[in-house]
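Labels run A, B, C and D following the written order; every chain starts at residue 1.
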């Protein structure tokens, strides 16, 4: 019985080859749109994360701080909400870093014999606190701790940068959501249009006494098959495009700076399953409409 | 004598309106088990409409219809398949599925009832042979002549051995010989206990057969 | 005759309300996908341009350079291919800039009395030469000029950065192209499916002796009307979404840093006209198929 | 005496094959101007197929057909509209457009010929009145009875006052009265100079009318 249903569904697809091809192409293209955007967005998000990790506060210590005080302070800072890490940077390390940063002009630091820099903690924020407001609040809290001289965090720059990143991310989610909803509609609509051409057939089947279940099953199977085909073709297309782009840029990109990945296997599988579900939903909506009367 | 309780199909004061138009007007009728009934009347009299009401192809506007103790005015649409399986319907416009072969069109009825593959095959072939369409079993309806389509429609109606046959103009597209074959088939089924209701304006057909004749005109019963 | 055709087309749309609504929605969603991506991409491109402007080379001058030499040198640099601007930065200005950049740590520059920094030119590149190869070649050329001590340009960083930007841009064009082609297909396919439900009608019209032209015209008009409706609805949706996003982020963004715009009016109009053309093409393809026999 | 040059429609050794099946086999036939010709034969004999060849609904497999000096075996498909405008065709399955009203179905033929709006209105109403369907002009075909649909199909075929009428079973769904009306209409058009070709298996219709009768069987002419 099961295999008969499956056979009926496949036969049906073959009998309506043209329309089914058109439908599979539409589904594949929709999957391609959504998944290519998802691919872009996950990779871009990683990039943004890397950049955002650069947001930090420097906590300059009082020159009189003892080693014991320093450990206390580190403990106290790390206890604060929103802090992910507090790394000690000795004044020696700070000067060395600065020299590296200054490049050619570093020669002018050579002459400084008594190192004028203070010891410091570099405080990094936990991912969910990388906002202007959080860093401000945190700085205030740290400033109140003993042995802290000053807290520096590039107020303006961070504000703008996090705002841009947040906006990019918001726009990304918004566009992703939009694309998803749009293609869901498109696929469901396409399946509806497809079934529209079968309306007469459905009406006749009902008139000769078949149950709705008997009518629906092959269509559902077809919807799921079409969804699966569309999903697989779409994801294959994406993989091919991804492969092409990453080949093209392979030479120029150092692995650490921007390491692009394809969508993980579970997401890929999820998209294909999703596409099958949409095929099913498209059938469901059409059939509901036709079988209402 | 037949009493009311023997009636397989009962219509009480049935009305069917399309907008302002009365397609059927106050029809009351009892059809008994194993009757052979003709429904006749000019074009537009309401013959097809009456049949449509019986198979729930349309819902009635007023009145009651009982078929085999099922009250069609009250029954939920979900039970339509149950009703329709008791019926074999020959539609005036055949209603064959154009994308399925002759064989598939006929076997569909049995498949939907969950019959075994083997039984279906045997039964469908035998019915197609009876109507003279066995050789065309792999054709699609658009590749058949009008009469051939009608034969397939008849085959589909009788293949499930229904208790009731509703035949709307079952020989309209057929030459005298073919019509005779089809009519013999209906008579045969009647002899095996089925109730047969034939809508037709073929006066000759009615004359040659014996059976009750109901004459409709403009939605009313004008003669019985 | 013209107005009769138009009336016939409108009547047809009303007669097939459900399918036409489905089609218009599909077109609108497709337009929304393409145009929202175009909107994102043009704005992101502007942002990338702003960042790329940061690519520059510093040309350090020989301490013995006179004012006259300096003018000569400036002239020579600006003559070079790919240079958009050469700005003189005096050693005093350089030190001041450095202090600003160093923030809190600038105090350690206070003590430097004889300013150890050299005079320099900041050389910016014209937009089409912002590649690693161009800046390398240019630096070599500048190094050969008289009075030039050294040229610095953050070799590594620029290489990676331009590579990323180029990749982002390439991916953007690729995705835009993909989305465009995909939605073209989707819209054309949807119109094909729509007309599929009219196949019988078309066949009958041909049998009773109407010319193909007579059959086609109302469909073309319908296709264009559906395309226009879809385009207008899609662009309105985009405008609404844009308005929502930019309202939401208005406070946080300083105008100079990221000035987001809606698509210019001519592009908007172009998209709507494009959508009409696709409606027409969808009809064309379907009708060609149906009228072939 | 009629000579060959008078023939409006000429078939020379026409074959039509569907796969291995010969739907028409070596048909030669001259149909003269203003003739009233019946095509008869059992179901599947090839009546509809012959008409289909004449209106380019199918292309012939072998042989030649000349209609009004147009050679159908050679003519490009692009000229089909030109040919079909000379014809008024009543299809066996009516072929009405289900999404257009009765009025629109009929007026379509005239609109396609670029007639004036006013003329169309007058003409369509008068034809619908003749077949008795004027009151139903705003109905859609699925809301009509079988006979009513056939009347509309007849109206559409005659509204353009064609030189040649091809009628495939034009009274198959009609009661005797309506059939008489339709047949009178065809006779009338014939009297006004048209050539009429009627495919039917209604022996009575043929008997009651005078005209040449061609009898087909399994694709061959068996009697004339």
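Going forward, contacts are C-beta pairs under 8 Å (C-beta built on N, C-alpha and C of every residue); 3 or more make two chains touch, one makes a residue touch a chain.
Here the structure is a predicted model, which means the values were calculated and not measured.
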**Message:** As a test of understanding: of all chains, whose mean C-alpha position lies farthest from that of chain D?
**Reply:** A
**Request:** Round to the nearest whole Å and give the separation of the Cα centres of chain C and chain D.
**Result:** 62
**Centre-of-Cα separation between chain D and chain A, whole angstrom** = 67
**Prompt:** For chain B and chain D, what's the span in angstrom between their mean Cα positions?
**Reply:** 30
**Prompt:** What whole-number Å value describes the gap between the mean CA coordinates of chain A and chain C?
**Reply:** 22
**Asked** Among the residues of chain C, which are close enough to touch at least two other chains?
**Response** none
**Prompt:** At which residue positions does chain B touch at least two other chains?
**Reply:** none
**Prompt:** Should the pattern of chain-chain touching be classed as line, ring, star, complete or other?
**Reply:** ring
**Prompt:** Among the chains present, which pairs are found to touch?
**Reply:** A-B, A-C, B-D, C-D
**Asked** Touching chain C in the complex: which residues of chain D?
**Response** 55, 57, 80-81, 83-85, 87, 89, 91, 95-100, 108-109, 111-114, 117, 156, 160
**Prompt:** In the complex formed with chain B, which residues of chain A make contact?
**Reply:** 1, 4, 15-16, 200-201, 204-212, 214
**Message:** Under the definition above, what is the set of chain B residues touching chain D in their complex?
**Reply:** 18, 41-44, 47-49, 92-93, 143, 145-148, 150-151, 168-169, 172-178, 201, 203
**Prompt:** Where on chain C is chain A touching in the complex?
**Reply:** 19, 22-23, 25-26, 29-30, 32-33, 36-37, 40, 47, 58, 60, 94, 98, 102-105, 107-109, 111-112, 116-117, 150, 152, 154, 159-160, 163-164, 166-167, 170-171, 174-175, 178-179, 182-183, 185-186, 189-190, 192-194, 196-197, 241, 245, 248-249, 252-254, 257-258
